[in-house]
Amino acid sequence: MKTKMVPMLLTLFTLLLVAAPVAWSAESIHIAVSAPLTGNFAEYGQNWQKAISMAVEWINAAGGIKGRPLEIVYGDSKSDPKDSAALAQKFTSDNRIVAEIGDFSSTASMAAQPIYDRAGMVQLSPTTSHPKWAPGSPWSFGIVGTQAGEGPFMARYAIERLGKKRIAVLHINNDWGIASKEYFVNAATEMGAQVLGVESYFETEKDFTGVLTKLRGLKPELIYVPSFYNEMALISKQREKLGWTDVVVMGPGSLYSPKLLELGGNSVNGLYTSAVFFPNDPRPEVQKFVKGFEAKYKATPNMFAGVAYDAINLMAETIRKVGTDRKAIRDELVKTKNFPGVTGKIAFTERRDVVKDYRHLVVKDGQFTLFDK
Amino acid sequence: MPLYDFVPRRDNWYVWLPVLAALLLFPLLVRSEYILSIAVYAGIYIILTSSLNITNGYTGLFSFGHAAFYGIGAYTAAILATRLGLSFWLTLPLAGVVAGIFGAAIALPTLRLTGIFLALVTIGFQEITFLVTLNWIGLTRGPMGIPAIPPPAIGGVALSGNLGYYYLILALDVIVLGLLSRIVTSRVGRAFVAIREDELAAQSAGIPTFRMKILSFVIATFFAGIAGAFFAHHARFVSADSFRLDETFAILTMLIVGGMGSLVGPVLGAVLLVVLPEASRFLAEYRGVVYGLILIGVILFRPEGLAGVPGIIQARGALSRVDKPSGAGEPVG
Amino acid sequence: MSLLEIQSVSVSFGGLMALKRVSFALEEGEIVGLIGPNGAGKTTLFNCLSAFQPASEGHLRYSGIALETLSPHQVAALGVARTFQTSRIFRRMTVLEHLLVGRHLHQRTGLWAAIARPAWVAREEAEARECGLRTLALFEDRLLPRLHDFADTLSYANRRRLEIARALVAEPRLLLLDEPTAGMNPHESAGIVQLIKKIRDLGITVLLIEHDMKVIMGVSDRIVVLDHGEKIAEGLPEEIRRNEEVLRAYMGRRYGRA
Amino acid sequence: MLELRGVSTRYGPVQVLWEVSLTVGEGELVCLLGGNASGKSTTMKTILGLVHPVRGEVLFRGRPIHRDTPAQVVRAGIAPVLESRRIFPQLTVYENLLMGAYTRTDGPGIRQDIEAVYERFPVLRERRGQLGGTLSGGEQQMLAIARALLARPRLLVMDEPSMGLSPLYVEKTFEVIQDLNRQGIAILLVEQNANMALAIAQRGYVLQTGRIVLADTAQNLVNHPMMRKAYLEL
Amino acid sequence: MLVPQLINGLTQGSLYALIAIGFVIIFGTMNLVTFAHGEVYMAGAFVGAFAMSLWHLPWFVALVMGMAAAWVLGFLIEKVAFRPLRTAGHMPPLLITIGLSIILKDLAVVLFGAENRPVPSIYEQTVRLAGVQVSVLQLVILGLAGTLFLVLRLVIQGTKIGRAMRATAQDHEAASAMGVNVNRVFSIAFALASCLGGAAGVMIGIYYNAVYPTMGGTAGLKGFAACIFGGLTSIPGAILGGIIIGVVENLTVQFLASGYRDVVAFLVMVIVLVLRPQGLLGRKLKTV
């Protein structure tokens, strides 16, 4: 009777399931990182990974945390909410893991939020800036600032500093982009600007000629583009090719990266942005980070590397204070005041997010320079 | 008796007892949330592959849009639960019904097409569903997805850990497989297979083929919707990315690797392909490559999969009858 | 009233006339042979009768009911069963399953009954199985021992038999057989002749397309001859045998003398 | 020139030819007769290399060709006129002719031969720019024959050239066949139309359910009692 | 803004058309559908991008290299996926190409990273034509696509191999009986189709200044939609389909919203398939 094959095979699978977990060294302190290491956002996740690895190397070289080395468990979420939730299951069920850093996009972070909430583990996202994110669970923390802060800041920059009143918006169509757009548009309208049109694009799009042609028809003086530097480079180049030169381009701090200059070439000259992280910042912690990063990776760190670096250092600092209990870590993290991050001072509000200082930047001759006028 | 021929019957039900016992005891042995969550995912994919098997395997209609119906089910449950506050026990059947209605709506105009054309229309539908979900922000919250879907509650107690979900999906799997096995071993299931094997002969045996094909599509999409509802209440978050063409391909790969046209095949395929990538994290970067190689290897060397009925994917749709001069005699180099 | 009346039926494929005003009738209980050279339109006529192919003109009446507007499964439901020129068996179904499919019209299990399985479903299945086994008995020991074999493991001759069995189990009043002996050796063909006679004795009217003249001459009560889509002769086997027109249709005109 | 020795061919599980043996001599016109489904077309496909026999061999001018590809068979000097003509409907008449010369590389020779077939079939010259599918059945038959001639064959294998043609074109076709044979091209004529074929052939074979049942001179076959039987089972 | 949008659409549509023609050639000669065509296009784009950005070769050399690479890749795919399964029906080759497309995409991610690879800009100027500002690059792309259409037409209509391809497409047994090596024709047809896809990839890389591993997915599907528009078997139909999709997309951006433009492309595809499966210009396919 070959039908016995059925239960036998199923038993085999059962065994496979049981055998799946992997063992790792016992004395280390484990922190999980859920980040897009592959997929559309891989580049940003890899930035994190570089900064975090370097920070961990430094911490361990200095004797670890009270003698125990720090070990990072990376999980590739592709910034896909489903994978991010699956990783959350995995991390929270692993008793050695004391806290988690991630995820990249607001969407992915929020998908995993209920799982961390249920399990009682800190979820500290370096980049999630959706205003509704951190308040969603007592276990959620954000350190990049929220759109509620950055949007009005950028609107003021456009209207009051640059004097542009006819504005159009082109935003990435995700949680972050929509929140960015809304806070910017509301603030700009309040400040008396005229928002002529709002267009959006999906993260996978590379062709902006159609939407740029449409926006151009509205004859704006300034376009505000909440997007990432990858798309911004394409938008700038395609705008240039269409011959649309009589417009000012501006975007939030997510654009700030040496990569933008590399990818965008001449077309990004004259682009206005802001930064919470600026490599020429003379503060010693920033210089230490930038020098170390440049030595190790032969590249200048960008904002994404900066916030990840801050996240891991803040986490290490907290663990150093209270040990490895998940609850204790949360309770200590809430109290953070004036942590000296490379992206500015970190102090959590009662909503467990932070208020950032932004610097005005403009691209001049292929370089980011501080804008002061 | 070959594995693909296995159907639970009165005289062989007892072989399932040890399996069921093992599955019931399994969570008590492993006690790991992570492993349980993998098991829960395997359970969801068992429903998805088994339901896709009704159209692609039993009826021989190649649908390439299963993830769309899965997504429709998930969104239906998510919207009903978060907006109207319906409980899981209501959203589950409703999600199935809505997905089934969509299935019928797609099937009615398109099932007159066969073979590759049907595959293409379903791909088109898949993409359209994805894009509409992404764009219709008022209903679906677009790219932001729908968070905070309440967990199922049993006797007033909401499920919290994966243990509860595990037993829930186990029960759901047993019910779904039981229903599917009753369908495929009945006059209805025979009509499906007859259509797959030879539509003209089926018609001349008095089978209303068009109506049966619609029925098969509706059954498949209904259960895809059920799987979607469970997914929504388990992940507690849905977004359009989870239901893209890649997801259809993943389900299809599981079905093909497990084997089409049998009850056992899809179960094996789903479990294997959910567990394998998790058990081989070291392959992380090459996961897609490994998936692709498995798919190609299976089609080239064992087209019936692990436990499928041989020869189904080679079945020729109407279109291939266009090239009638070929295929006769020995192949000639 | 005749069981089947074919009245001036024409079929054209994009200008090409496959059938030209063909008329004849079948009486209850008859075996009628339908012959003609390749391309004469025999299978086209079958396809018309089973509603796979609409007639461009003319009428088809089966016990007074017009067949033109029906779909194939409705024609089958009226009691018209057929086999196909190139065996259309269900390759991955067993012999028994073929017979159960053949009983489709006599069963009523739908989706809900399949799921709920009330007692009558089991009775219905048992009845279908009974009937199937009875039908297989007509083929002596050819198919009975292979009850659980997949059809694609059957020999060519057995596939043709299986097709006939599947049609018979539906208890048709009219059976359309399209070349039942194709690919059979003379001994097997002789068996088919006996079988067709047995089928007639069950009270089933048979319309038979066949190339094997021995079979046709041996079994038909009457013969209808088609050539180039036209009926060129109709009559008793003896008459057809002597008909010069038929001979010409098969062997061609004499070159230079026609 | 062409010799089949005990050739058996099957399509999957179905054996169609059983030990078929026949010969065609240099410059001969031989017909292969048989009723429906007797295996005539399969014999032809086997000769052309479109199907390979499971047993037996096919020799052409002493060389075995039964494992050759169709291209090699054409190059060896056998050109086909396929059943129901099988011209390329979406190619022009001229292009159809060029397809016949596919295996040849002598440009000037091909042009010369096309001129020659235009001479023989003036209607093709008239319609050279028209798509093959727009020709009438009879014209298509002429095109099919002309296309075969462009391979400069030593042996022409023709499958039911009379099928589906009006009586007028049947006669015309047979005239052409006879004419070609007089010019020294050997012809194997596969036909259902026995009387017509035997009137122009020198010898004939009769196939019945995949087996050769009669082989004789055309004259003897015309009135052979077995002939009627082979066709009508009288 | 209508005229600039039409020009955007035309440019984009001509590239969809190049991809679509590939599907037509493959379906036309072999009666099969490939799903790896988008990845061939991606591979061509990467080779072109590397040629320009790493080896600093002129764009036309990059174009030729991209096309050559795609040719080779297409040739290999035909050998691996289609040759062993010639008589196996539609699904197995289709599924194999799905597997291949997953593999190629993931290999590209592993080898080149998931991020955009920049492609240097060329022809950044604009000219005024009849009062409308037009990008020179768009004109160059349109010209190139037009040239490729013409060359393809010459190859298919005027050469021996082109004739053999058409003959094989119409009746491959008859073609075989004429002495055509059908396998070789299939190889060449597949490679030719891939080569056009590669050309489209290189040009799209230059047009958008970026290449990335996942670029094949949507582009492949859009090319496919265009090919269905033309009924799977008609090259002029595919060109028309590509251009219509390109233009309709840009009009959708102009009058609706950017997010809906792909919906329109696929809606068109589904409606055409349901109402007129043979496409607008395709020949009617026989069924049964």
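As written, the chain order gives the labels A, B, C, D and E, with residue 1 at the start of each chain.
What we mean here is this: a contact is a pair of C-beta atoms (placed from the backbone, for glycine too) under 8 Å apart; a residue touches a chain by one contact, two chains touch by 3 or more.
Because the structure is predicted, anything quoted here is derived from the model rather than measured.
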| item | value |
| --- | --- |
| Of D-E and B-C, whichever chain pair has more C-beta contact pairs | B-C |
| Identity of the chain that, by mean CA position, is farthest from chain C | A |
| Of all other chains, the one whose Cα centre sits farthest from chain B | D |
| Interchain centroid distance [CA atoms averaged], chain A/chain D, Å | 75 |
| Distance between chain centroids, defined by C-alpha means - chain C, chain D (Å) | 34 |
| Rounded Å distance between chain A and chain C, as computed from the means of their C-alpha atoms | 72 |
| Averaged-CA centre spacing for the pair chain E and chain A, given as whole angstrom | 36 |
| Multi-partner residues of chain E (each touching 2 or more other chains) | 109, 171, 173-174, 176, 257, 259, 288 |
| Of all residues in chain B, the ones touching two or more other chains | 134, 200, 285, 332-333 |
| Numbers and ranges of chain D residues touching at least 2 other chains | 50, 69-70 |
| Complex contact set, residues of chain E against chain D | 160, 163-164, 166-167, 170-171, 173-181 |
| In the complex, chain E residues that touch chain B | 31, 33, 80-81, 84-92, 94-96, 98-103, 105-107, 109-110, 171-174, 176, 183, 217, 221, 224-225, 228, 257, 259-260, 262-263, 266-267, 269-270, 273-274, 277, 285-288 |
| Residue ranges of chain C touching chain B (in the complex, touch as defined) | 50, 52, 71-73, 75-77, 81-82, 84, 88-93, 97, 100-102, 104-105, 107, 109-111, 113-115, 117, 121, 124-125, 152, 163, 166-167, 170 |
| Residues of chain E that touch chain A when the two form their complex | 1, 4-5, 8-9, 11-12, 109, 113-116, 118, 121, 124-126, 133, 135, 137-138, 207-210, 212, 214-215, 218, 249-250, 253-254, 257-259, 261 |
| Of chain B, residues touching chain A in the complex | 1-3, 6, 12, 15-16, 18-19, 22-23, 26, 29-30, 32-39, 41, 134, 142-145, 147-148, 160-162, 235-237, 239, 241-242, 264, 268, 271-272, 275, 278-279, 281, 284-285 |
